[in-house]
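Just so it is clear, A, B and C label the chains in written order, and each chain counts residues from 1 on its own.
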Amino acid sequence: MILNRNNDAFARIEAMSPRTPGGNYVPFKQVGELVYLSGQTNSRDGKLTQTGQVGVDVSVEDGYAGARVCMENLFGTLKQAVGGDWNRVLECIRLTGYVNSTAPFGKGPAVINGASDLVVELMGEAGRHARSAVGVAALPGNATVEVEAIFRIKV
Amino acid sequence: MILNRNNDAFARIEAMSPRTPGGNYVPFKQVGELVYLSGQTNSRDGKLTQTGQVGVDVSVEDGYAGARVCMENLFGTLKQAVGGDWNRVLECIRLTGYVNSTAPFGKGPAVINGASDLVVELMGEAGRHARSAVGVAALPGNATVEVEAIFRIKV
Amino acid sequence: MILNRNNDAFARIEAMSPRTPGGNYVPFKQVGELVYLSGQTNSRDGKLTQTGQVGVDVSVEDGYAGARVCMENLFGTLKQAVGGDWNRVLECIRLTGYVNSTAPFGKGPAVINGASDLVVELMGEAGRHARSAVGVAALPGNATVEVEAIFRIKV
């Protein structure tokens, strides 16, 4: 379910076209009630909103904004998984957030909060999830953030 | 089930207070028999036991000790998930271990063994799990280790 | 199911001996229909086929070849999980690919395509999976690639 359709991200999610991954994989895979979503970077309209490392090239605030973009993209895929019927989305189970960064950068969680906040803004309590946030050495296209997710849906 | 209540970690686990994550996420999320636990760093009593990279700032032995602390914290969360009833814990399914390190450091598995050893010390064969160990560029608060887990519990 | 037994990787997979992890973990763990496979590096006959970072020490093409080796090893473990009966393998659910690399390297997906391509070569459409590809700072033994997987099997 989407509780907050007034969120500006929701309009962008609704407008997204289905994604075609650049390889032998798929945007999501469903097993029973669980949907495993492929990692999404902070790409909007085919272009990364930021590149490079948080703490070096990009501020934590901009990284946070990038994580929100990743989450929008995950919702775009989730929409495909439920055939456009948001009532079939039950809850968010887990997010793993990867932040392009280098030690001793320690604010990865503040970056990934961008994804966590958006899912809760859109879904309320059902959006709360288990999570890990780690800093990684490199991301696709030198993206700043990548987030993957598991959601539970009505079958 | 906890088979070995004499392990010194067990007393610390039993004494842990419920955690409040610093964001819009939760320490664990249950789906059927599976419990997804959020990543835990080597934090004890609110303070990291080590910071920095294994192989640079921290020895492999100290990294191993840090991974045990992560695992203690995961058990602290698991205790919440089963309402304090350890008999409801059935088995450990998977651990992912993230070691703050930099190439060509190759001993991540020896570090994450700290987490794997503790779960088997506490649970015996039921504690054996699938696992990945990777070296990451940065961790929350410049922690040395982060471990996330999936356990199976009695519903 | 394995649809393509003529693939040269298949002969190597069939010839693999059961693996013994170097720690208190197991090569795979099954829960219901799902099999969680421990991360496998690009090791063949006990020796890494490449070491070091893609983009620095190793070309993207060689990294791709390394990712195929990881996938062969995952199939070797999967064979154990289904007791050698390939008909019990139903589909690949998810891969997570870790590429030893450093920013601004952005071609991790092209590397992990080695794993994705092999699973689809061997299994066809059932091999398509959700996926994340991230660049990490260090891997076991300074391996170039590590891949972990979730498969669905007939119980």
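Please note the rule applied: contacts are C-beta pairs under 8 Å (C-beta built on N, C-alpha and C of every residue); 3 or more make two chains touch, one makes a residue touch a chain.
Since the model is a prediction, treat every value here as computed from it, not as a measurement.
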{"item": "Interface composition of copies chain B and chain C: same or different, split at half", "value": "different"}
{"item": "When chain A is superposed on chain C by its C-alpha atoms, the rotation angle in degrees, nearest 5", "value": "120"}
{"item": "Separation of chain B from chain C, taking each centre as the mean of its C-alpha atoms, in whole Å", "value": "24"}
{"item": "Touching two or more other chains - residue numbers and ranges from chain B", "value": "96, 102, 136-137"}
{"item": "List of chain B residues in touch with chain A within their complex", "value": "21-29, 31, 36-39, 51-53, 96, 98, 100, 102, 136-143, 146, 148"}
{"item": "Residue ranges of chain B touching chain C (in the complex, touch as defined)", "value": "33-34, 55, 91, 93-96, 99, 101-109, 112-113, 116-117, 119-120, 127-137, 150, 152"}
